[in-house]
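Each chain gets a letter, A, B, C and D, in the order it is written, and its residues are counted from 1.
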Amino acid sequence: MSALVAPWPISLILEPEVFIPLVYPGLVVLTLTLLGIIWLERKLTAKVQRRYGPLYVARKLGGAAQPMADGIKFVFSEQIIPRNTDKLVFIFGPLLLFTFSILPVIGIPLSPGYTAIASDISLLIVVALVVIAPIVLLMVAWGSNNKFSLIGGLRDGYLMISYEVPIILSILAMAALYNSLDLIEIAEAQAGTWGIFLNPLAALAFFAAMLIATGRFPFEIAEAETEIVAGWTTEYSSALYMSNMGTSYTRMYVMAHLFTLVFLGGWNPLPGFLPASGLLPGLMILVKSLAVMGLMVLLRSIYPRFRVDQGVRIGWHKLFTLSMAAIALSVLLVASGVWG
Amino acid sequence: MGQKKERVILLGNLENAVRKVGTRLADMRPIRNIRNWGITFSLWPVPLTTACCGAEFAATMSPRFDMERLGVLPMASSRQTNVLIIEGTLTRKMAKAVKIIYRQMPEPKFVIAMGSCAADGGIFWNSYNIVRPKDVLPVDVFIPGCPPRPEAVIRAIMQLQDKIKRKLKYRMDAKERPRKRARRQRVSRGV
Amino acid sequence: MERVLRIASDTLKSVAKELAAEGFDHVKSLTGMDRPEEGLIELVYHISSYLNPALRGRIVEVRTEVDRSRPIINSISDVFPSCRYMELETRDLLGVKFEGNEEPDPLILPEELKNTWPLRKDYKIPEEGVE
Amino acid sequence: MRVKELGKDRRAETITLFIGPQHPGSGHLRLVVELDGDVVVGIRPDIGWVHRGVEKIAETKKFVQVIPLIERPSIIDSANMNVGYVRAVEKLLGVEVPDRARYIRTILCELNRIASHLYGIGIFGNMIGTSTIFMWSFGDREIIVELMQELTGARLTYSFFLPGGVKGDLPDGFEEKLEKGLRYIENRIPEYNALFIENPVTEDRLKGVGVIDREKAVQIGLTGPNLRASGVEYDARMVGEYGAYKDLGFKPVTRPEGDSFARLMVRFDEIDGSIGLIRKAIREMPQGPIMHERTKGMARQVLMKVPEGEAFSRVECGRGELTFFVVSKGGDKPHRVRMVTPSFRNLIGFETALVGHRLADVPTVYGSLDYFPPEADR
C-alpha cells in the first residue's frame, strides 16, 4: 500500500478514524449485515420449519432482497405520530437509541494499530457504551404513552440489571486472564488459544447475557409478541419503526463483535494471504461475528420465550454464579501459572 | 397535560409543503417503481381474526402454502402493517374494532375481504349481528369461498400485488381519503 | 333422559341444591325457549355428573317456566358455577333476568342490541324463499 | 408459583390492560386483565366478537340445511359438530344408524380430532413464542386435512353426516393412504417431544402454571382435555351414545396435575389414542349399507319432516363435550336448536386459572385451554 499513493478521498476513507465509524465495523457494513442477517434469520427459521421463507422477491437470490423490500416499504409508508405521545421523545428517542447502539463500534480495532481510539482501556469503553442504550430505551417506551410500550420498556429495564452484571464480570474474568483492558492486546493474546477454550465458563455466561441484552430467543421478553404486542416499539410505524428494528439488530451486531474479539481470537488465526496489519484482518472478525449472529438468530426457531421473572432469575442465579466461577477459574489459571 | 403547549417539529406551512413535495417526489417514475416494488413484496397483515376463516388463513401461513414466500409476514402491531385481511364474518362488535384498526394503520394500506361472509354475508346472510365489510372499509380484493382454500388466499395476495404494481397512487397521510374507492373494488372470481 | 323434573320457578334453587346433594355436579346446558302463545319462557337445565360413575350416563332435565312479561328467576350459579355464563347468555338473548348473577354489560351481544332479545319468537329475521 | 400475597391488596394501583381483539395473543376475544405490577389480580373475558346468531338462523332453515350452519362455529372441528346435531335429529326421527356408517363416522370424527388437536398445539406453541411448533403442527395437520378431503371432498367443512347415515363410503384405496398418513403423524410425535415437550424452556413456562385442581374443574364445569388434565375421567365418548366407541373399547386419557403442561400432554396423548381408534375401526369395520332406508336419497333428506319432540345429544369434540338440544314442532324446520359448545363451557376457566399468575402467563393459559372464540360465541 505504501508504493501506491492513493488519491486523497480514498486515503482519507482508509484512515482508521474515518473507516471504522463509517465503513467497517461502522455504518456501511452494519447496514449490509443487518439486511443480510434479517434475511438469514427468516431463511434459517423457515428451513427449520420446513418451508421456503422469503422467495419470490428475488427468486434467483433465494429472496435475499426481502429486507430491502421491507425497508423501502417502511420508508414510503406514513409516519404516524399518535396524538397523546410526547412528540420530542417519540421522534428523537429512536434516533438517539440507534446512535447509542452503534457508538460502541468505534472502540473495535481491526488489527494491531488499526483502531479509531487508541486507548489501553478500549474494552471498558466499548462495554460502557453498550450499556447506555437501555436507558434511552426506557425513555422511548415512556414517550409512546402506551401501556404495552411501557411494560415492554420496564421489562427491558428489569433485564438490564440482570444481564449487565454477568457481562461485566465475564469480561473482567477475561481481562484478568489477559492482564489487559485493551482490545488489541486481548486479541493478540489469543494468537495461540482462543478465549473460549481458556475460560469456557466466561464465554457461556457472556453468550447467555448477550442473548438477554439483545432480546434474542429464549429471552425475547421485552418484545414478546403474544404478551405485549411489540413491546416498547408498539406505537412506531414507518421509518422510525425501521430504526427501532435496526437498533435491536445493531445491538446484536456490536455484541457479536465484542464476543469475537474477546472469546474467538479476534483476527487470529490469520490466513496466509491476509496482511497482518491494516484493515484487512477485519475480514476475519466479520466472518466470525456473522457466525455468532447466525447462531443467535437460529435460536429463534428452537426455543420458546421465558417469562420476565424467569429471565431475571436466570440472570442473577445462573449467570451471576457462572460469571463468578469464571473469575475464579481465571484467577486459578493465572495463579497456577498455567496461563500468562 | 391539557395546558401544555403543543410542540410541533416542523412549523406551520412548512410541514404542509414538505408533505406536498414528498408526495410529488414519491410519485415520479423511477422512485414510483422502486416504491411499488417494495410495497408489493412487503405486505404485512394485521393479526386480526374476525371469524372462522382465520383457520384457513393460518393454514396459508403453514409450511404447505407458506405465504412468506411472497413476502407476507404477520406483524404484531397494527402500526407496522399495511394489509387488513378480514377473515370471515364481520360482526357488529368486531366492525367497530376493525374500523379503529384500519385507522391505526399507516398509508398506503389495503383491505382483503376473505370468505363469502365478508363478501355478502354468506351462510349468515340473515343474521342480526353481522355487517358487510364493504360498508365499513374500502375493500381491494374479495376472496370467494366458505372458507376459501389457502390457494385462493394466495391468489388474492397475488392479485393485490398486481394491483399495487399497476396503479398505486401515493398518499402520505390518510387525511383526505376518497370515499369513492369503496365502489371501485374488484371482485376476484373463481379459483 | 330418564328423569324429567317439571318444577315451579321459585323452587328452582332448592331443587338444584337437592340435585347437588345427590351427586350431580355440573350443568351441561341451559336452554331458553320462548312460547309467546302461552306468554311463557321455558328454561331447560340439563344437569349431570362428572365424578360419580353411576350418574355419568344420566342427565336430569329440569324444566321451569317464567312469565314472559316479567321474566325473573333465581340464579343457580352459586350452586352450579358452571352455568354462570349460560345464564348470562340467556339473559342477553331472551331477556330473562337471573337474580344473583348480574353483570352490567351484555356478555355476547353488542351494545346496540342490548335490550333486544333475538331468540324470542317475535324477533324476526329475513328468511329464504319466495314470500 | 402463584404470587398470592401480592394479589391480595386491591387498593394498590393497578393497570387495566385490554388484550384483544387485535392482539397477536388474543384471537377474536378480549381479555380485560387487571395487573398489579406484573401479577394478574383480575381477568374478565369479553366475548361476543364472533357472535353470529347460529341458534336463531337455525330456526329459519330446514333440518338438513342446518348442518352446514352448525359446522361454521367450530370450523376446524366440523365433523364432531356435525355428528352432535345429526345424533339429535336421529333421536327425533327414531332411526338407527347402520353399523358401517357408525364406523365411518368414528373414523372421520377421530381424524378431525387429530387435526383439531394439532391446531390447538400449534396455536399454543405460537402463544409461548415458538413459531416452529406452530408451523410444524399446521404442516402436519395438512396431512390429516388432505385425508379428510379425500374422504369427504372438503378441506374443513365436510357436512358428511346426514340424519340416518353418512353421505358416502370410503373411497378406493383410502385405507392405505390413511395408514400412511397415520404412520407419518406417529413418526412426527417424537420430534415434537425433542423440540417442544422436552425443551427446558417449555417446562419452565408450563409446569405449575394455570393449575385447576380436580374439585375446582368439576365445579366450574370444564370439559374435554382440560377436564381430563385435571384428573377427571370423563369423556362423552365413554357413554357410547354415538359412533362405534362402545365396540372399539374406548378409554379416556387423564393426567392428575391440572396445569398447562398436563393440558398439552393430554392433547398429545389423545392424538395417539385417536390413531389407535382409527386403526381399530378400519380393521373391524363391517360391510353393509351406509344410510338408513327411511332417510335415503336427496329428496327424503330435503323434504324431511321431523316428528314433534325434543332430543338431547352429547358428543365429544376436540375441545370438549358438545351438547345439542333440538326441539321440533313437526315441521320441516327446527323450532329451537340449542348448542352449548365446549369452548363456551371452558371460558370460565380463564378466571380460575389465571388470577395470581403473571402477565406472561395469560397467553400460556389461553393456549392451554385451547379456547376457540367462534365456537364459544356461535
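Everything below uses one rule, namely that a contact is a pair of C-beta atoms (placed from the backbone, for glycine too) under 8 Å apart; a residue touches a chain by one contact, two chains touch by 3 or more.
Here the structure is a predicted model, which means the values were calculated and not measured.
Path length between subunit C and subunit D in the chain contact graph, taken as the least number of steps between touching chains: 1. Put simply, the chain farthest from subunit B by mean CA position is C. Looking at B-D and B-C, the interface holding more C-beta pairs in contact is that of B-D.
Annotation: 32 Å between the Cα-based centres of subunit B and subunit D.
For the pair subunit B and subunit C, the distance between C-alpha centroids works out to 42 Å. Rounded to a whole number, the gap between the C-alpha centres of subunit A and subunit B is 35 angstrom. Distance between chain centres (mean CA atoms), subunit A to subunit C: 60 Å. Of all residues in subunit C, those touching 2 or more other chains are 109-110, 118, 123, 125-128, listed in ascending order.
Contact with two or more other chains is made by residues 62-63, 76, 91, 93, 126-129 of subunit B.
Shared contact sites, meaning residues of subunit D that touch two or more other chains, fall at 23-24, 48, 51, 53, 56-57, 60, 135-136, 139. Contact between chains, using the touch rule, shows up for A-B, A-D, B-C, B-D, C-D. Touching subunit B in their complex are the following residues of subunit C: 109-110, 112-113, 118, 123, 125-128. Subunit B contributes residues 6-9, 26, 34-35, 37-42, 44, 62-63, 66, 68-71, 73, 75-77, 79-80, 82, 104, 106-108, 170-174 to its touches with subunit A in the complex.
By the touch criterion stated above, subunit C contacts subunit D in their complex at residues 1, 25-31, 33, 44, 46, 50-51, 56-57, 59, 61, 80-86, 89, 93, 105-110, 118-119, 123, 125-128. Taken together, the subunit A residues at the contact with subunit B in this complex read 42, 46, 49-57, 63, 65-66, 68-73, 75-80, 87-88, 91, 223, 225, 229-230, 233-238, 241. If you check the complex, the residues on subunit A that touch subunit D are 45, 48-51, 147-148, 151, 217-218, 220-221, 224-229, 300-310.
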